[in-house]
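Sending over a structure as structure tokens; questions will come in a sec.
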Amino acid sequence: FPPCPPAKNPDFPTAQLTGFMQIDTGWFEQDDANKAVLGDIQNGADFRRARLAAVGEVWENVGYMLEMDFAAGGRPSFMDVWFEIKNDEAGNVRIGQFRQPFGMDGQTSIKDISFLERGLPFAFLPFRQIGMMYYGNSEVEDTTWAVSGFRFPTDPFGGNIGDSGGYGGAARLTRLLIDHGDDGVVHVGAGYVYIDPANDFVQYQNQPEFFVSETGGSGLVPQGVPNNVPPFVDTGAMPTEHVNLINAEFGASAGPLHTQAEVFYSMLSRLNGSSVTFNGAYAQAGYVLTGESRAYNRKAGVFGRVVPDNPFGRSGIGAWEVAARWSYIDLNDEDIQGGRLNDTTLGLNWYLNKFTKVQFNYIHAFLNSSSATYGPIVKDSDADIIAIRGQVDF
Amino acid sequence: FPPCPPAKNPDFPTAQLTGFMQIDTGWFEQDDANKAVLGDIQNGADFRRARLAAVGEVWENVGYMLEMDFAAGGRPSFMDVWFEIKNDEAGNVRIGQFRQPFGMDGQTSIKDISFLERGLPFAFLPFRQIGMMYYGNSEVEDTTWAVSGFRFPTDPFGGNIGDSGGYGGAARLTRLLIDHGDDGVVHVGAGYVYIDPANDFVQYQNQPEFFVSETGGSGLVPQGVPNNVPPFVDTGAMPTEHVNLINAEFGASAGPLHTQAEVFYSMLSRLNGSSVTFNGAYAQAGYVLTGESRAYNRKAGVFGRVVPDNPFGRSGIGAWEVAARWSYIDLNDEDIQGGRLNDTTLGLNWYLNKFTKVQFNYIHAFLNSSSATYGPIVKDSDADIIAIRGQVDF
Amino acid sequence: FPPCPPAKNPDFPTAQLTGFMQIDTGWFEQDDANKAVLGDIQNGADFRRARLAAVGEVWENVGYMLEMDFAAGGRPSFMDVWFEIKNDEAGNVRIGQFRQPFGMDGQTSIKDISFLERGLPFAFLPFRQIGMMYYGNSEVEDTTWAVSGFRFPTDPFGGNIGDSGGYGGAARLTRLLIDHGDDGVVHVGAGYVYIDPANDFVQYQNQPEFFVSETGGSGLVPQGVPNNVPPFVDTGAMPTEHVNLINAEFGASAGPLHTQAEVFYSMLSRLNGSSVTFNGAYAQAGYVLTGESRAYNRKAGVFGRVVPDNPFGRSGIGAWEVAARWSYIDLNDEDIQGGRLNDTTLGLNWYLNKFTKVQFNYIHAFLNSSSATYGPIVKDSDADIIAIRGQVDF
């Protein structure tokens, strides 16, 4: 009998099919003032994200990802579409569209966050833009660093044009102050972004950390209601020379407990010469009732996902987690009166297995709309949201 | 020599790339009355469906499908996008967008039907909507059952909103009265659907079981002709409180012969208080000249596909089948005069192998347009259609 | 110990995930006359192509491809979407949308060409249309032949309709006059296309072999500038009875040197009875500094790609190639004054490995705009373009 042949080395290129889906349903309860400002927001169900991607390596030192989202506005919209030349010692170079290195919440995979959406100050992030990034980490992986240059604003299909401006840069540095591995860490980080927009406009807006929409055409929407959850806060388009954006990150974990907080400041130099400053922050905590911990992703400098010890089925019940967040954004300064929004969110997460979870969120949104915009009759208003998400990733 | 290692268990998640394409070409011959009612329908060629999907399991008891169609109107449109928790004994729970359990023709895979399109009463089906389904079958798989709740109407991207209404439910039960396995079966089934539409409108319409369209913009269409095969019957948008829809199914096979028939009633309670009722039916038969049988899919309660014993190539000629169908829909009741359409279709199917087929259809459409809509000058009209489809699935 | 089992035959269907991405960035320098004719073209970055495809076999003699481009206008647009019945001796039959057999530049994979875009006369090609092709090659693969019929013009989603006209045919024949295999070849070829357009219009236009665009909506574009690189030459829509199009091909390689040239004539019979003729040509050469040769693809009758002997990383520097092209299109005849464009391009290509390359192009475009269109004030104008592309395919 002949011996077994050696396992064949993987040939290049490799291409793995991967993706995920998020199926959302939600209910809105607004007070009268909130309805007067924003309209009567409708309950609904929707796919928040539905992605397919090819991920792989075309050579031992060249990797790539080509990811499309079929639920986002571009239908499909370009997500992570890049290739990179890898070098553990000298650092990696990534080219294409990717998440610009800024913000712990923004760098955390949307598949792994503890709530349905990232916190309110996410509105400030450049997030995915077309450009080039140089990044790496220290040998023991307690420090990560990244710098990038990009064109701004990149459209849903990964493009941007413009002769005067249209450029930006981002940088992020993180470090573990305490490092007990899976038993617990204390993470700090900071970031900086500079943007000179191609079209000389910047606009900040955000929805209350949950939304569903009807995108199939007006014939499918009830008469006289908004077909989307409108932005609760919105600066409108601001003629802008350039933007300086900074943030600070804190994260800590200890066994089944994890916490995270960030603060953001955005300084706009406007075309008319004057400057305005906006800010935001959030703080959150989660506790896994079944005892698992939320692992720290050392290469990315963010928290990863909860993996249940006893997956649901047969005798297991999966992992169960409770979480809470306070989140804040202030878009009022001088003549810009975009509003001020506080969100408090309570979450219950059921992890059936490593790749399946169901999330329940109760969100209370305190909106302070500027009287400059809406007149004296509308100032403070409230909305309550119940939202459920089912997610699988593969 | 070491022994061979045991076959490795598949790791989770699994993701199989799958899909299919349908390439259609067709010719239309209309009498003058038909042209007067519907315009001069153009011949053409088109992709009727072109789909890519990821299908797999993220755990031993959790499966998923994420399927997009690049030829349908949303380009791409959401098709089967769901995950499910599987339990052979207690029943399976599916969450996301899927074909609501109603109708034998509707539950049969479009890759496996004997003609190019489903029969005319397909217009009544809710078909793919976003929701949750509980389903299963008896241990010997001679009975299938399914109940579901969903939001309605779901748009091409899987979403729906609305505070008053926007819900529906569906149920289907099937049973084999005679069960000789592959030698032949007799199947009966029934279904029920309730719908309270989010936008308070329901519209029924259908094309004559074949269509091609020019969707690349008006510059590519000859002047003054419709850029699509228009609906032959159409109620227009009907203000609707809720809908009750019922059907009965019959199917039987014996060796190379298979038959199938369904009847449908739709009862609309309108916003103005009055009710209208529409109905439809079809009956069809197929005979495989080369002797193969059309297997019954016991888990889904529908007929599957013809698999040739001698695939085309070398000495084989594949499998050849003849098929015929009569199909009917009546959208006239009271002040709604959507028309009445009878289709008779003759089909010749060439199965080259298990995954490749070429289909030839001759369709004669008898249209009875209401004189209330088109005046006394147009009443009965006819159209003849020759259509060819090439299909591969993988 | 039991013997190792025989390697399992691949089961059908097979489906391989494949694709590629091209990330472009470019800078434009126009003289005043060029700006007056075309506007102030903006610098930018963009994905020129981003494709995912399933490729495989559903039977030993039936193959298929289902490819979508997420960067092209249809977003996604249908690319190669076909299946084929293969027979090495009798010839292969392909059905669906594919590149019609005409032109050496057009038949060369866009992943393998020496510059960023094909030469200017590419504007004449029918390229991808929906139809049927019969093709093959001689046993020693020194001759390729192909004939096809198709519908025209096929839209981005693979469809076309029209009763009078809407058909076309194409044919290509190539032969190696000298055949030293990898050491060098001399290739000649010729092609013919006949088109009777469905909509009775034909339009020829082209950009200067590079473009970036902003396709995310007007809010992302600087005010008052074109959001795309406009066509430098453009006939406008010409009412057309039918088109006769011919070309001749020449290619030769010797070690690290490769050359290629083509000439094209397009004769339009217009609806008003008169005829117009347009023409174009290009000639190009490339030399691989690191000594590799550009292999000839014997089955397709085109040149393939440069594969580096020493891929980049560790000690290797990949392969480096210099290339130059002159390219020409004349769209002036009688009352049609679409302009005349000469492009000279210098290229530097860095092949990191078989599947990764970075390309640098300097393009000088000499535009002769017709005084009939733009008046005596604008006649000759120039634009210089620097363009960089990163590409991986998998």
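Order of writing sets the labels: A, B and C. Residues in every chain begin at 1.
Operating definition for what follows: a residue touches a chain if its C-beta (ideal position, glycine included) is under 8 Å from a C-beta of that chain, and two chains touch if they have at least 3 such contacts.
Bear in mind the structure is a predicted one, so any value in this text is a computation, not a measurement.
Visitor: Over half shared or under half: which fits the residue numbers at the contact of copies chain A and chain B, same or different?
Guide: Different, since most residue numbers here occur in only one copy.
Visitor: Using CA atoms for the superposition, what rotation angle relates chain B to chain C, in steps of 5 degrees?
Guide: Between chain B and chain C, the superposition angle is 120 degrees.
Visitor: Averaging over Cα atoms per chain, report the distance between chain A and chain B in Å.
Guide: 39
Visitor: Counting only residues that touch at least two other chains, what does the list for chain A look like?
Guide: Only 1-2, 4, 16-17, 52, 76 qualify.
Visitor: Under the touch definition given earlier, write down the residues of chain C that touch chain A in their complex.
Guide: These residues of chain C touch chain A: 1-4, 16-19, 21, 23, 25, 40, 42-47, 50, 52, 70-71, 75-76, 212-217, 219-223, 225, 227, 311-313, 352-356, 390, 392-394.
Visitor: Given the complex with chain B, which residues does chain C contribute to the contact?
Guide: Checking each residue of chain C against chain B gives 1-2, 4-5, 12-17, 52, 54, 56, 58-62, 64, 66, 68, 74, 76, 78, 81-83, 85, 95-97, 130-131, 151, 153-164, 166, 198-201, 237.
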